[in-house]
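Below, subunit A partners subunit B and then partners subunit C, in two separate complexes.
Moving on, here comes the complex of A and B:
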């Protein structure tokens, strides 16, 4: 963790600091779980694009995938891990601080 | 990264959160169902004073709870997103057990009609917190105030007054929620 005097950009997490991955975590912090289709449609990405981003999040231990058959069709459900929730909150706080700092300096 | 990009990233993230929260905040079915169940118990008490109303709730509340669970399950399949159900289930069980126990233990006293209403109000306050719903919180506080007023004033037909206030409030909030859900579901 960076000290308080450091620039907020130092605290940004490179794994999470990306529109789709941050969006996935934003949804999963609100909900207990979401399926692949919901994430794809809400975030406006293709199947392949979402799969690639989910792999990054899974490998970082930020989300878990649960694949099961529902009415004969495969369904992938995604959940945030406790680490994923903590990382998301820290990222949003860092982004907020970054924007606040920029606006304050722009006024001077 | 440019700050305008950071702003956009935060904006897109908040939009995804808002959409998910609004889908998960759906509560029209349980609000209308439990409101009607409460309203239906009023004539039962007026026509058959005594244990009939306990039977009404002991049969009606579990059936309505199962119907509510199935409704949420159907929404989960339709939308592809779901909340953690356990806090809701625990609160519903607490309301049913607490209200029934106070209703039976407080028979022929103020506890018998004000106690269950108080438990329902407290339970709905928990639901309001879980759903982050201001209308449900307002209704819960109204029910709590009503329970205290009935316990102090002990008017005639206190049970009927209490369930009519709760039932009408619950149905109205359910109808407002139904309109919002239809807008979101397109």
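Moving on, here comes the complex of A and C:
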């Protein structure tokens, strides 16, 4: 049985753990920056869904948006902040503990 | 940059990925069964919150509830179904790919 004080799932942060937001940060940590369209298409979400999740990430200080006009059309670039990178790393470590623990006890 | 067709975050299943539900399944795969109170205390959630998440898991066929009276008091045992174990394993594999990919590209 788990130690009641330290189950890895307790360490997961809903802000970062949510699937689309986790995907956004994973891409940004890997790619430095990405544009809105690339994130939308890679993660398979709608414009509205991605916008809502980016707002959560911006409000939490985890990503920054940079809106520019390119050939007269607006283009939004997204970057992870240093806090975003740190928070993503903590999430990956919590996920890694969960995966490792599962592997150690696997009965399936 | 990511291969647009196969980002690991796309493979995550919201039913299982949600933090509390992931924790429930992780505990059940490890422990075979757990009672409601144990899950609630280990995951640090309220009765209402845990009930809502268990309903989602029951409706998806991932866990089964077994309500019994023990010394006149109701007690709810929770077990993962075979489908619950398979689905949890797929989630762990997707998380492992995400963690591995991050480690391979880590710039933080």
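For the reader, a short list of remarks on this structure follows.
Here is the rule we go by: the second predicted complex is superposed on the first by the 101 of 108 C-alpha atoms of A that agree within 3 Å, B and C clash if a C-alpha of one lies under 4 Å from a C-alpha of the other, contacts with A are read in each partner's own complex, and residues count from 1 in each chain.
Note that contacts are C-beta pairs under 8 Å (C-beta built on N, C-alpha and C of every residue); 3 or more make two chains touch, one makes a residue touch a chain.
Just so we're clear, the structure is a prediction, and the values are computed from it rather than from any experiment.
Of the two partners, subunit B and subunit C, it is C that touches more residues of subunit A. Looking at the shared chain after the overlay, A:70 reaches subunit B, while subunit C stays out of its contact range.
Look at A:43: by the touch rule set out above, it reaches both subunit B and subunit C. Legend: residue contacts after superposition of the two complexes on their common chain; A:85 is shown touching subunit C, with no touch to subunit B.
By the document's definition of touching, of the two partners only subunit C reaches A:14; subunit B does not. By the touch criterion defined above, A:31 lies against subunit B and subunit C together after alignment on the C-alpha atoms of chain A. Contacts of A:96 after superposition: both subunit B and subunit C are touched.
Legend: residue contacts after superposition of the two complexes on their common chain; A:23 is shown touching both subunit B and subunit C. Residues common to the contacts of subunit A with subunit B and with subunit C across the two structures: 9, 12, 17, 19, 22-23, 26-27, 29-32, 34, 38, 42-43, 92, 95-96, 98-99, 102-103.
Residues of subunit C that touch subunit A in their complex: 1-2, 4, 7-10, 12, 14, 17, 19-20, 22-23, 26-27, 29-32, 34, 38, 41-44, 85-86, 88-89, 92, 95-96, 98-99, 101-103, 105-108.
Listed in rising order, the residues of subunit A touching subunit B in the complex are 9, 12, 17, 19, 22-23, 26-27, 29-38, 42-43, 70, 92, 95-96, 98-99, 102-103.
Those residues of subunit B lying in contact with subunit A across their complex are 1, 3, 6-7, 9-10, 12-14, 16-17, 19-21, 24, 77, 79-85.
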